[in-house]
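First chain written, first letter: the chains are A, B, C and D, and each begins at residue 1.
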Amino acid sequence: MKLVAGCSLHFEVQDESPLVLMLRPRSGAGQWIISETYDLVPPVPVVEYTDLYGNLCQRMTALPGPFEIHTEATVQTAEDIDVDPGAPLTLVQDLPDDALLFVIPSRYCPSDQPAISKKAMEIVADVTPGYDQAEAIRRWINTNIAYQYGVSDATTSALDTLQHGKGVCRDFTHLGISFCRSLSIPARMVVGYLYDLKPMDLHAWFEAYVGGRWYIFDATQTEPKGNRITVAYGRDAADVAFMTQFGPMTLTRMDVWVRTDDGTDE
Amino acid sequence: MKLVAGCSLHFEVQDESPLVLMLRPRSGAGQWIISETYDLVPPVPVVEYTDLYGNLCQRMTALPGPFEIHTEATVQTAEDIDVDPGAPLTLVQDLPDDALLFVIPSRYCPSDQPAISKKAMEIVADVTPGYDQAEAIRRWINTNIAYQYGVSDATTSALDTLQHGKGVCRDFTHLGISFCRSLSIPARMVVGYLYDLKPMDLHAWFEAYVGGRWYIFDATQTEPKGNRITVAYGRDAADVAFMTQFGPMTLTRMDVWVRTDDGTDE
Amino acid sequence: MKLVAGCSLHFEVQDESPLVLMLRPRSGAGQWIISETYDLVPPVPVVEYTDLYGNLCQRMTALPGPFEIHTEATVQTAEDIDVDPGAPLTLVQDLPDDALLFVIPSRYCPSDQPAISKKAMEIVADVTPGYDQAEAIRRWINTNIAYQYGVSDATTSALDTLQHGKGVCRDFTHLGISFCRSLSIPARMVVGYLYDLKPMDLHAWFEAYVGGRWYIFDATQTEPKGNRITVAYGRDAADVAFMTQFGPMTLTRMDVWVRTDDGTDE
Amino acid sequence: MKLVAGCSLHFEVQDESPLVLMLRPRSGAGQWIISETYDLVPPVPVVEYTDLYGNLCQRMTALPGPFEIHTEATVQTAEDIDVDPGAPLTLVQDLPDDALLFVIPSRYCPSDQPAISKKAMEIVADVTPGYDQAEAIRRWINTNIAYQYGVSDATTSALDTLQHGKGVCRDFTHLGISFCRSLSIPARMVVGYLYDLKPMDLHAWFEAYVGGRWYIFDATQTEPKGNRITVAYGRDAADVAFMTQFGPMTLTRMDVWVRTDDGTDE
């Protein structure tokens, strides 16, 4: 599908604030960026660099006063995500080197915590190792964790979410990743846009490496859904914050939209 | 200056032809990509990857029949390029690791050929080592090599250009790079757009590492000119071809434009 | 000083166990590997790769039965570590791109936890921003955290250590890193060898980026001490485990040694 | 086989000379570095970095007077190289991104020269595309190019070698690479050690990407021979010079050895 996705951020900047943004999707295997706009009001100098995971990061310093960021991309996306029930576990010895990073614990995915691995073992007790384990995890989260705003914040880890039983897409994702890693299945966080997400917002989901490749899993959805736009990959939200600020500035308004190219279905 | 730069390529494809394109400028220290369009007619699947130098490369396979590529970017550019007469030579032992690559010879810049280093020594005979050497080289080429179409082709090296005394921007650039490297000054090729270039075309120039940083040198111009958009960096034209094709297809038409954002000065 | 440093690991392997080891120091700015031995008994196939941080990682699969790893390196080290009281804070906007990674929280360094930043602010209350802050943090830990075995394990985070007031070099390091990051000072973990460490073991310390470069800080020591051999860098212990195992195997014995080249001072 | 391979370089240094060396093999898929020695007499500070291809490079500055480098490694090597007659051509569209670099021409492998592609077409006229083409090229060179010292130098390209019909391992390799690339088969240069090479010296051969992987081809040998130690990969000799010097120093003596671990068969 040809999608138009974007976001607007409005800030009130109290004092010079260095910022790192990740708001530029890259063309890749599953998506082609047909056109893109990235506008700063007022304009400030920006340097773009690529982080360790290959994400495009934009560095700038916001100046005191109002500051706005407007980005929009027209992207050719895949209608469906690949699913592959029964795909076998990829043994650790067969993982590509660059997948190994995604089996170790990270800030919000403490997969080394006994409570995480204990629960993961329960969830996959009778499940075929591999794709079906990741899917069982995804489904368990979708069924057992309540989607609820206001119960988690930027410091909430998957362990917290497991204990409280509530959270938003970020928390669902952290929990899915943590369960997978505790079973030695590489799992990584993806942030981006999802068509027809309700309510519309920047979104997060995870990918697990099984059957020799990465597959998409979204614990917030009941069914597999395509038409996703990946903006960044990382170990968890620490790596893929859409914005990291280092100074006093307040986000006063944020709008996110994903619509089809012909203007319908916002 | 806010520039709108782009190009259109029209092909007649005889048989399935894999292509690698480098037509997507990246935001960086000297330029900010405000918006961008990259359209393929008819659409074909594309994979984008980053090459060893950090350039964005688009891989695709063109199908038999007519095929068109349209790209355009709106870019905030620097009005002027930095010049720094007297900036000292950076000794080899003080070069950053990633500059070392640019002192060794490459396909079209055979800086190890005695004829190249002999002439370079002549040109810089009484010149202060460093920036002034690169500038003397640039000026010598601008004065002594005739800008002429049709005398060089895709296999022409800097040695050929030195012998024939004629060429286009690609050849001027290769010669400048070769002279610099023969003096142990790192030099790299840049391809991109230059505002107000006459006649308008995709352009090439070089950068030399002196005084602890890279400086822009353009041997096709009499004066330092800013408002450049870098699309790719590399050792020479082998690395930064805007298009590399691996099948039977014919470029039937190519348009390139650079204009100011308000539509003037195409 | 010319040091001979090494370790021997003896395992009893119950079943095929994939392993990733980081036991090979690399020559770098501060150390030159004169000679090195890396022996596996019985020999198994090994693949070496470089992780995201540039560390050399050795992948192998241990087979059932006894398994031993013996590594030793002769290394020219720096007698002293650089200290630079008064070196200013490097502002976030002036950090190199690859240092930004080291200001975000990680598994064992949850610098985003309010308890961490609150304590860090206390410690550096009247201290000049920059080097002196990192040194104040180092000294505070050295003074206030008790060096004690058996109170922490592989899941212990800096927050745990702050609460319990006890730990080993790994915990001291995580706490130092967390405090620094909460002040927007990039900090990274180093694992390696330290001459004259008592009791001898694999060691860990941290580096903080202030005054435009990385400096070494070791909260386990009362005075700055040189003659260190770096084996790996990373965000925290999750990145730089000297061994990550994915199967049932038991470490039955481990020896670590660092001695001068003439055989004294083990 | 367990091999001990090394070299000694003796220099007379007239004035401070920056050097870049590539003399440190890395453990990898086909070889395990059991032990290694790298000694400089007199010792000078060294910085090691990884180049774009992943090779370990040692930077140093030799001081006036005699200077010696002694390196030796004990390496577990593969007895045989893989051969796979009939393995199909990997189409350009199916190549991994990082193989694309090796189809473009380079300094000593001007595969874009019509004389190269014409001859390559002749050689593979009736040969199945893929492995058999690379093998036909290898055999043609082995049969038709005379192995002869003193007819080529550091500026000799594959085109020169094709015209003169003589050369050494470096030239054989450049020619094989050039032929392959002119057929859109990725080919790269390897430098290293070969057991039982006569006369013993640092050696060079090439690898071609066919049938979905890299295969070894050595045009200097009549039969496939294993027990190779790879020191560096690159596009051609410009990338993988075992030593690049930037100052006045003279190599007065060079010894190279490869023997079995038990001391026989030097």
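The working rule: contacts are C-beta pairs under 8 Å (C-beta built on N, C-alpha and C of every residue); 3 or more make two chains touch, one makes a residue touch a chain.
Just so we're clear, the structure is a prediction, and the values are computed from it rather than from any experiment.
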item	value
Of all other chains, the one whose Cα centre sits farthest from chain A	D
Separation of mean Cα positions, chain C and chain A [Å, integer]	30
Distance from the mean Cα position of chain D to that of chain A, given in whole angstrom	44
Whole-Å gap separating chain A and chain B, where each centre is the average of the chain's CA atoms	37
Chain C: positions in contact with at least two other chains	47
Pairs of chains, among all present, that meet the touch criterion	A-B, A-C, B-D, C-D
Of all residues in chain C, those that touch chain D in their complex	26-29, 32-39, 43, 45-48, 50, 54, 56, 58, 76
In the complex, chain A residues that touch chain C	18, 20, 47, 49, 51-53, 57, 59, 61, 91-93, 97, 100-101, 103-107, 110, 112-114, 154-155, 184, 238-239, 241, 244, 246
